[in-house]
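For reference, the structure is listed below as structure tokens.
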Amino acid sequence: MGLINDNPENPFKEAIPGSPAFITSIDKVVNWARSNSLWPLTFGTSCCAIEVMMAAGAAHHDLARFGAEVARPSPRQADLLVIAGTIVKRMEPLLKTLYDQMAEPKYVIATGACAISGGPFIYDSYTTIRGAHEVIPVDVYVPGCPPRPEAFFYGLLTLQKMIIEGQTIAKPFERRKPVLSVLPPRIKLEQIRDELVKNLTARSVTDLNQNPKELGL
Amino acid sequence: MSQTIESFKLLLENAFSEPLTYLEASQLLTIKVQENQLFATLKTLKETLKFDALIDHAGVDWPNENKIELIYILFSTHHNQQIMVSADIDRNQPTPPSVSSLWAIAEWQEREVFDLLGVTYKNHPDLRRLFLEDNWVGSPLRKDYKDDFILERPW
Amino acid sequence: MNQESNMSANSKTDQSASALAQVPIENAKRWPDLNYFNKIIYGASSLAKGMKITFGYLINTKTVVTQQYPENRETLILADRVRANLIMKHNENGYHDCTSCHICEGVCPNASIHVVDRSEPTVSKKELGYFVWRLDSCTFCNLCVMACPFSCLEMTGQFESSTYDQSLLVYNLNQYSGATQNNLAKLADDQARTSAIKAISPYEGPVALEGYHLAGIPKEFLPQKSDAKTSQAREGVNP
Amino acid sequence: MVTLNDRISCHTPNQDGTTTQEYFINMGPQHPSTHGVLRLILKMDGETVNDIIPVLGYIHRGIEKKAEAVGYRQQVHLTDRLDYLCALMNNWAVSAAIEKALNLEVNDRIQTVRTIIAELQRIQSHQLWWGVFGMDLGAFTPFLYGFRDREKITEIFEKTMGARLTMNYFQPGGMMYDIHPDFVKDIKEFIKYFRPILKEYEDLFSGNIIVQERLKNVGIIDAQTALAYGATGPVLRASGMPLDLRKMQPYGAYSKVNFTVPVGTVGDSWDRYQVRIQEMYQSLLIIEQLIDNIPDGPHMTMKYAAKIKPPAGRYYTQMETARGIFGTFFVSDGNDRPYRMHFRTPNFNNLWSILKMAPGGRVADLVAILSSIDLVVPDMDR
Amino acid sequence: MKSLSFYIHNLYQNQQWLDFILYLGLGLILTLSLMSVVALVLVYAERKIAAHFQCRLGPMRVGWHGTLQTVADALKLLLKEDLIPKAADRFLFALAPFLTVMAALLSLSVLPFSLSATLSNMNIGLLFLSAISGYGVLGILIGGWASNNKWSLLGAMRAGAQLISYELSMTLSLLSIVVLSGSLNLNEIIASQAQGWWIWRAHLVGFISFVIYIISSTAETNRTPFDMAEGESELTAGFHTEYSGMRFAFFFLSEYVNLFIVSAIGSILFLGGWMPLHIGEWESFNALMDFVPGPIWFLLKTGALIFLSMWFRWTFPRLRVDQLMRFEWKFLLPLGLINLFLSSIIALGGFYFFP
């Protein structure tokens, strides 16, 4: 699998749910601006924050290349919420508040095992929330414990792809995920096309006004 | 640099009027004390034997013996010696004395034990839950703690 | 905040006989407190010193250490022990060595590995059905790789696994259900071998696409094999 | 005895007898200078911080409960997630505790390599602290320089251990892998590279008049108070008490090497800063003494598949990490899982001395003090 | 282009309304576009320069070497949702960013880019500038107060105290140049430097007031080491904690326009503005320097001062709020007063080079 951005002729481009004229030319400009100016919120709960927020922003990897080094300490000005670390019961309402305080359009990346599924603390822990998607809608999952900075960059590219292909200013609260255009390693399109399309079409439209739990995410 | 264990034991026994009970099944030198002797023993250890640091304080739940074991790990920078004090308290009404007047750090270490094991210390200045919300029910580190939220490992 | 303190003297009291006195110490360096005019001169020179250092980095472009990840993907070489993705080793003919012994399942700290036996083994007594690995909860502790008695697991450096959907992070690692390569070698010909195994896809299996429910609450989604510990008080014997 | 009710009263009389209305302000859990999800409720009078009420638990994951459910070998990977900046030292502390419980002597090679790696990690942790310290004081550049040099150690670690942050490398009975063939060469190169850089750190940041003004005579605490408030590690040593377990209860290969323990003379933020800087020099010295003569021997003395069952009893082992004493207390009932596992974490105990350091200072002082204590919040909450 | 007063005079005399409106409209458009271009370029420059101070590359992926990065940022900020907290004072909350931007806009209109390219050649230009720069803090104060957030209020109060204090020493350093040049008109001040720039021509006095000006202008623009009002690690985001979208963009923009303005004033007063590098009676050297047109000189000098400010920002840590005040009242202000006294003596006696 090549890099997301290096693959313009993706055979599954129309796999984004919706009409072919989903993206207009105004959308292209807007999405270009939005995808290239993802200012993250300075927020990290545990180990992943070191790798994803700090080491990725540091000189050796340099998040600034993506234009994402303007880390905003205030959620009002941030576009990107990187959930870097475990979310526990006590943090749950605060995470929800942080998300609500962010101005639209806002994007969420869950990095690391803890934020995706609870990681080491899925079982036998009395406080750990099993995945940040139980609290707020998550756009991109970056697995790793913690993910390398490069893996986070790949997640960022994945998110950029979603913004470029899946958003329109006509429907600002709707987000469409080009599920099939980013596949995990070792997975071939043919292998999962049939079983995925029917499962994921319904799931890929995230209505942000809706409680994520109701969607069965 | 430091005395041997034997000479230190001698020093220890001289400081107390009553004979000490040692706990054998322990790696550190461990004194076993009754609940009513706990504060006095720790006070002597601090003031006479210069155990100036309360390194750690924890509790162990023993449900089938109906008791909670309190562990105090003390360190003396003067003697470069470490000692563990173990005290068994009643599990249903755990009301040991607070030692926060001896070591300030005990205030928060005891709050942690209160939070996770439900031990209510007497004379504690500010006994609140430390890690969990105030409306939390139960003490998670007790062995019979039940919580629907906890998932058991499936295999 | 200008409280004068002589506690360095305090802290040294009655340490003469203590064990601390024998630790070789060095005092932390302290710049002297300066008067008004010296402070101005010292201050200006210290600021200039700092500016000199940063300017040196600005003009010397060789000091830039940035590696440009998406652009350098072709030349990016990771250390060979990097752990980012678990694979099951298959030899050049596509056979694996897994005997379905469940040791990796046991050492996995958070049950990220689930080994499912084949319900009707054909060659050996026990055969691997599905080797389910949850990338979404794996902590890459490497214990499964170290514990595998047949070293058929391996951690690779493939880190590009971001997805839009959590359920895409649950894989089957084995490419076929069936016996190990040694046991298959005992069979007569390729045709017999092919009939003894069943090819499966990475998403097939008892938990395909529903990895979330492994961690989720509904118990009916859990595999039947679950002999979960009852939540009774653990009987400890006080030593 | 000052209770919470007294502390939340907003009318502390001033020194001249007048009363001004104090107000509360909430710092954290999402605040750039609390380094994670620590929450501090500040009682302020204008810009002056009069009282601090720390609120913990925003990352309390119940590691001690989780530890009771997994075997002894799996404890090691949990300690990676406590103080992730000293992950290897935590690994070592737990592995050593289990080895002691099993009465297992590990060979000299393992001890020497563990010591070298622990000191390397101490440098790495202090580098990160230095960078973040600069950022908290408002200078962004030290953060980048600190991380640039930290990355060099991270690369050495990655070659040998395969992970960058949560290594899970030291195992009960040895190490997961043998050291990488390049290990010795890389470390020597790093030492050669890092000494002049340390000098540069001092020119850029330590000597800076603004840093001096910000740190000197701020947040003073004396040694006995700090010890009573649970502080260990550099925080305590900055107050003048040379409590360093590497010297007082030598473990690993520390008894074979010569080094000194930097201690402060005043106990202010500056001393806490300078003690760490000098500790980096000492760590370089220790590594230099050990790197040339790593003894031969196997890197692992136990089988992975074997279940570890220490004899029943109570065990306590402690070690000096970059932030203070990390202790492992566990009770075994002869089973393959610990009956009770408790970690004495340095950050939880270090935090409380801010109650003595910060009141009376400004918000900016509080930020500097917090940073000079060098807190890692997940280690605090466990 | 003729001066504003001339036009207003004509307005009454000749009824040239159309001309006047055309002039106003053109001026507004020019200033606005200049403002946005300045902000876009400066933000990009700052990010790139900061990156290279820190051994990294900075924006690389949007356009050639990230040149379109700030365009994307601006576009995104304009289209971002605009939140007003429920408890905020809605009117003042909305007003504050405009006040700040207005201050920057007004200052920009009097800057002489060359002898002819001056939008409004006021004869009290310097007084106008210092008056306007004092008014810019109003936006910050109102914004911090209206947000109904304690951190914002703290930041705004800090900004208020800081800006009022540093305004003093800034004005003192400007005054010494006014004394030396004998005019408040910016073009005349520049013309007075035909023999050489004030920074070196008036012995040490010019240099000292340059240093005072640089320090206090860094404080005026709220940049490290004086970024009390924002102080990320202390006050979350300071006075604009609650601002998002376009309103935040206005604060962001005015910060960089202010940086440009104070650097431009610095270059006008101390480095001769559009005046090429002239040294006394060296006719041939002066003639050589005159080949480079005035606006380029002006932008180069301004750019150098902006770079200096960025250099400060990416090298120094932040001062504490009381140290900031002590530095101003105990060091800068006395120094400024002494300097003003000395400059009066020099101006009276004509003791400077090439009188």
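The chains carry the letters A, B, C, D and E, assigned in the order they are written, with residues numbered from 1 in each.
Keep this in mind: contacts are C-beta pairs under 8 Å (C-beta built on N, C-alpha and C of every residue); 3 or more make two chains touch, one makes a residue touch a chain.
Note that the coordinates shown come from a computational prediction; the quantities given were computed from them, not determined experimentally.
Following the contact convention of this document, A, D is the list of chains adjacent to both chain B and chain C. Minimum number of contact steps separating chain A from chain C: 1.
Centroid distances from chain A, each centroid being the mean of CA atoms, peak for B. When every chain is represented by the mean of its C-alpha atoms, the one lying closest to the mean of all protein C-alpha atoms is D. By number of C-beta pairs in contact, B-D leads over the other of C-E and B-D. Among the other chains, B has the CA centre that is most remote from the centre of chain E. Distance between chain B and chain E, defined via averaged C-alpha coordinates, is recorded as 63 Å.
If you average the Cα atoms of chain A and of chain B, the two centres end up 46 Å apart. Between the Cα centres of chain A and chain E there is a gap of 40 Å. Looking at chain D, residues 31-32, 57, 60, 62, 65, 68-70, 77-78, 141, 144-145, 148, 151, 166, 204-205, 208, 210, 224, 241, 243, 248, 312-314, 331, 339, 365 sit in touch with two or more other chains.
Touching of two or more other chains is recorded for residues 1-2, 25, 77, 80, 131-133, 140, 150-154 of chain B.
Counting partner chains per residue, chain E shows two or more touched chains at residues 53-57, 60-61, 232, 236, 314-316.
Under the contact rule defined at the top, the touching pairs of chains are A-B, A-C, A-D, A-E, B-C, B-D, C-D, C-E, D-E.
By the touch criterion stated above, chain C contacts chain E in their complex at residues 40, 47, 50-51, 53-55, 57-58, 61, 63-66, 68, 70. Interface residues of chain C, counted against chain A in their complex, comprise 64-70, 73, 76, 82, 84-85, 87, 109-111, 134-140, 158-169, 171, 201-203, 208-209, 211-212, 215-216.
On the side of chain A, the complex with chain D involves touching residues 41-47, 49-51, 54-55, 58-60, 73, 75, 85-86, 88, 90-91, 94, 98, 120-121, 123-128, 145-146, 148. Within the complex, the chain E residues that touch chain D are 50, 53-56, 150-151, 154, 158, 224-225, 227, 231-236, 314-323. The residues of chain D lying in touch with chain B in their complex are 1-4, 56-57, 60, 62, 64-65, 69, 100-101, 224-225, 227-230, 232, 241, 243, 248-249, 312-318, 325, 327, 329, 331, 339-340, 342, 344, 348-349, 352, 381-382.
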